[in-house]
Amino acid sequence: MTLDVAWVDRWVRRTAAVVAEHRVELIELDRQIGDGDHGENLHRGFTAVVGRLDELTEPPAQIGDVLKLVATTLMSTVGGAAGPLYGTAYLRAAKVTGLPELDAPAVVAMIEAGLEGIVARGKATTGEKTMVDAWSPAAAAAQTAAAGGATALEVLEAAANAAEAGAVATDPMVATKGRASYLGERSAGHRDPGAASSALVLRAAVTAATDPVVPAAP
Amino acid sequence: MTLDVAWVDRWVRRTAAVVAEHRVELIELDRQIGDGDHGENLHRGFTAVVGRLDELTEPPAQIGDVLKLVATTLMSTVGGAAGPLYGTAYLRAAKVTGLPELDAPAVVAMIEAGLEGIVARGKATTGEKTMVDAWSPAAAAAQTAAAGGATALEVLEAAANAAEAGAVATDPMVATKGRASYLGERSAGHRDPGAASSALVLRAAVTAATDPVVPAAP
Amino acid sequence: MKKLINDPARVVDESVDGFGLAHADLVRVHRDPLFVVRADGPVQGKVGLVSGGGSGHEPLHAGFVGRGMLDAAVPGAMFTSPTPDAIAPATTAVDGGRGVLHIVKNYTGDVLNFETAAELSDAEGVTVRAVVVNDDVAVEDSLYTAGRRGVAGTVAVEKIAGAAAERGDDLDGVATVAERVIANVRSMGVALAACTVPHAGTPSFELTDEEIEIGIGIHGEPGRRRIPMAPADEITALLTNPVMDDLGLAGGEQVLLLVNGMGGTPLSELYVVYRESRRLLEARGATVARSLVGNYVTSLEMQGASVTVLRFDDELLSLWDAPVHTAALRW
Amino acid sequence: MKKLINDPARVVDESVDGFGLAHADLVRVHRDPLFVVRADGPVQGKVGLVSGGGSGHEPLHAGFVGRGMLDAAVPGAMFTSPTPDAIAPATTAVDGGRGVLHIVKNYTGDVLNFETAAELSDAEGVTVRAVVVNDDVAVEDSLYTAGRRGVAGTVAVEKIAGAAAERGDDLDGVATVAERVIANVRSMGVALAACTVPHAGTPSFELTDEEIEIGIGIHGEPGRRRIPMAPADEITALLTNPVMDDLGLAGGEQVLLLVNGMGGTPLSELYVVYRESRRLLEARGATVARSLVGNYVTSLEMQGASVTVLRFDDELLSLWDAPVHTAALRW
C-alpha cells in the first residue's frame, strides 16, 4: 500500500483504537511515576480527533491536512504535558508532508520533524526518560534505513521497532524531565508512559500501511 | 468482709481496673450500634475518679462520700449519655448510704436509688435496650434476695448476676432510647454497651467484697 | 489508623489550642475546663449564645464563635458531648446580663449534659434557655427513637440566632427565632466510607466498595439502611426528596441550600451534589435564595455529604444575610 | 472507588456548573471552552489575573475568583492542565485594557499550555505576562528535575497579586509583586493516604498502615520518600524545618503560616499541625503575623497536609490584608 492520504487517515484512526485499547495500561504506567492520566488524556484527544475527521464534509486533500487536524485537536483536548508535546510533533510533521504520497526520505523527514517539535517544546534530550527516548531512536533508525535504500514502509517499520526498543530502554532510567523527575531515583524501574504511547503511535503507522481495514471509532 | 468505706474504696478502684480491662470491648460494642466511645468515656471517668481518691488528704469517712466523689467526677469527666446517667446513679446511691456499713436492706436501697437516678435522667423503661435493662433486674433481684433473708454480700451477688443476665438479654432488643435507637431494627443482635458496663460495675462490687486486694490504678 | 495527631487523649486539647492561636483575633481559649469564647466578649446587653458537643465535627462549633454567631463553644471529647462543669462556666463567661441561649443538638448525651449545666448556671443567677436542634429526617421522631438528631442544620440555627442576638433581641426573642429555624430546617446524609475515632482506632463501620450508608449521623453511627453504590444524582435525590417532603415544600418557597461535606469528600463532589439538589428544589418550585457548599458539620474524615434545606421567611433571610465574622463563616 | 459523581468524564463540567450556580453573585461560568470569570468583570483599567490547572485541587482556582483575587480560572480535566484553547479566551475575557497576568503552577503541562495560550492571546492583541509558582521544597530545583512544583503557596500568590491588581498596579507591577511572593513562599506536604482519580479508579499509590509519604505533590504523585508513621509533631517538623531552612529564616521575620489540608484530613488535625508548626517558627524567632488553616489546595480526598510559609515584607502584608471576596477566601 502507498503512504497516501488514505493511509494517514487509517493511521490516525488506528492510533485512536490502539490508544483506547491501551488506555488502562498507559494510566497504570503514569500512576507509577506520574499522576495517572496519560492514557485518559490521549484517549480523550484521539477520540476527539476521530470525531473531527468524521465531521469533515469532504475528505482531506493532503497528508498534512490530516496531521494538522490531529495537531490542533490534540492541543485543544489533551492538556497536560502530552497535549502540547504531541500537538507540536504533529504540527511540525504536517509541515513537511506536503506530498500526495510519502517516499522513504519523506517518512524520515516526518519523524524527524515530530522529534524536533517535541524537543522544541519540552527541551528534553535523550536519557531523560521522556517520549524523546522513543522518538529519537525512531528518527535515527528511519534515517539509517532510508540511507540503506529501504522502502517507505520499511523506514516506518524501522522507526516503530526503534521506538518500541526506546520505550523499553526507559525502564532503568532516572527521570530528569516531566512529572516523574520529582521521584528522583524512585522513577527507575518503570516505563515512561509518553515513550510507551509514542511507540504505539508509530506502530499504528505501520499497521495502517499493511492492513487496509479502517478501525471503528473507539 | 464487711461492706464498709474500705470496701467502697476497693469497689471503685476495681471498677476502674475492670473498665480499663474491658475498654476495647465496650468501645467495640458501642461501635456496633452507637458511636464507639462508651469504653473510652468510662475509662476516662474512672481513671479520674481514682486520681481524685488518691489526692484526698484524709480517707473519706463515709460510704456516701466516696460515691458522691464518683458521681461528681463522672459527671465532669465522662460526658455523653453515660456521664449524666452514671453520675446521677451514684449521686442518688450516695444519698441512701449514710451508714458506716451496709446491711442487706441498705444494699437494696443503694441499687434501687441508682436505678431511679438513671430513670429520672434518661426516662427509659425496661426493654428499651439501655443500662436500665441491667439495673432494673439487678434491683429486683436484690430485693428478692433481701426479702428471702440473704446477707448483704449475697444481695450484691444476686444483683450482679441479674445485671449480667440483663445485659445479655439486651442482645435481641430493638433500641428505642439512646443512640442505638437511630438504627431501628438494625440494633437487634448487639449487646447494649451501657448495660454491659453496668454489669461490670456491679460485679466489681462483689469482687471488692470477697477479694481484699486493692487493684492498682489502671 | 493513621492520623495527624500525637495522642488520642490529647488531640482535642492540642487542636483547640492551635485553633486559639490561629484565630487569636476572634477567640480566646479557656482551659480547665476547656471552652472557646469570643475575644471581645462578654458583650454587655447582648444575649449570649453557647453551643457545644463532641469534637470531630469541626468547624462546628468553635469555628462559629465570633460576631454575629456564637459567644462560646464547648468542645467535648471526640464524638462525646461536653460535661456540665465546662458548659456552665462557659455560660457564665458569656453572660452579658441578658441571659444565655444554649443551642443543643438532639442527642441524649448532649441534652442531659446541657440540662445539668443549665441548672448549675441557674443556681449562679444566669438565666438560661435551651433550644434543641433536630433536623435529621433520617431518624423518625417517634416513640421508638431518641428523636431526630441535630446535624448540619445546626449551622443555620447558630447563624440566625446569632444575628438575632446581635441586633439586640431579648432571650425569649432569640429563642423564638432559633425555634423558627429549627421548625423549618431539615437534613439528610450519606456515607461512602466511615471515619475512625482516634481512641477507637478502627472505622466506625465497614462498607464494601459497592455499598453506601443512607441516613448517616455525624458521630460515625451507621445510618438507617445500606444500599448499592449509585450515581451522584441518584444519591442526591435520596437525600433531597425526604428533606423536601418532610418540610412539605409545595412551591414558591425561598430556601437555603446547604450541601455539607462530612470531612473526607472533595469539594468538587459537593458541587456535583449541589447542582442536582438545586435542580430538584427548583423542580418542586422552590427558589434557592442562598447557598452554602463545604465542610461545615463534619464527621472526622468520613466520606459523604448531607443536604440541608432551610425554608426562609423574610426575617430569617435577612438574619441569614446579617454580617458574621467567625473562623469558618464570614460575610 | 466510590465517589459522589455521575460519570468520570462529566465530573469537572458538572462540578463547575454547580459552583457557578452556588456562587452566581461572584462568578460566571463560560462553557465550550470551560472557564470561570468574575461576575463583575472584565474590570476596566485593572490588570486581569488568570490562573488555572488540573481539576481536583478545589477550591483552587475557581474558589479564588472574585474581587481582590483572580479574574478568571481555567479548570482542566482532573489533574490535567487545561488547554490553550480555553486559557486564551479566558485571558481575552478578563482583559480590562491593562494586560493580563497568568499565574502558572510549575508543571511541564501547565507551563507548556499557558505558553501556547499566551502566544494566542498575544496574537489577539492582549498583553500577557506569566509568573510561575514553584514553592514546593520537596523537589530540588536542579538540572535533574522539572523544577520545584507549584503547590499551596499559589494561594498567597493569587491573593497578593490580586490585591496589587485591585489597587491599580500596572502589569509589570503586579508581576513584580507576584514574583516577590514566589521568591518568599515555600511549602512541603505529607500524605497519609493517596487519592483516587475518577478516571483511573485506583489510588494513585498505596501506603500501608505503618507508612506515610513525605514530599508529596498535589496530583497524587508519590513523594520523595516513604517513612514510618510518626506522631503529628514529628511529621510537622519534617514539613516545617525544610521550609524554614529553604527560606533561610534566621529570626525577626513576619510570616504567613498556611496549614493546608489535602482534602481528606479533618480540620481538627490541621490545627494540631498548625500548633506545632507555629511553635517551630517561633522557636526560630519568626513571628506568625497571619494564619490560614483549611483545605485550600487539595488533592481530591487525599489524606495529608502541607505547611506553607510566606515571608512578609510590609507591602506584602498589607496586600495580604486587603479585602478579598471570593467563594473560598473572604475578608
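Should a chain be cited, it is by its letter among A, B, C and D, assigned in written order, with residues numbered from 1 in that chain.
The definition used in the following text is that a contact is a pair of C-beta atoms (placed from the backbone, for glycine too) under 8 Å apart; a residue touches a chain by one contact, two chains touch by 3 or more.
Nothing here was measured: the structure is a model prediction, and the numbers come from that model.
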Maximum inter-chain contact count - chain pair: C-D
Centroid spacing, where centroids are CA-atom means, of subunit A and subunit B in whole angstrom: 74
Mean-CA-position distance for subunit D and subunit A (Å): 32
Distance from subunit C to subunit A - Cα centre to Cα centre, in angstrom: 54
Numbers and ranges of subunit C residues touching at least 2 other chains: none
Shared-contact residues (touching 2 or more other chains) in subunit B: none
Touch-based graph of the chains, sorted into line, ring, star, complete or other: line
Chain pairs that touch, as defined at the top of this document: A-D, B-C, C-D
For the subunit D and subunit C complex, residues of the former touching the latter: 1-7, 11-12, 14-19, 21-23, 55-56, 58-59, 63, 192-193, 207, 209, 212, 229, 231-233, 235-236, 263-275, 278, 288, 291, 293, 295, 298, 300-301, 303-305, 330-331
Subunit B to subunit C touching residues, read off their complex: 27, 31, 33-37, 40-41, 44, 75-85, 121-122, 174, 176-179, 181-184, 186
For the subunit C and subunit B complex, residues of the former touching the latter: 9, 33, 54, 76-86, 107-109, 112-113, 115-116, 138-139, 143-146, 149, 197, 199-200, 202, 204-205, 217, 219-222, 224
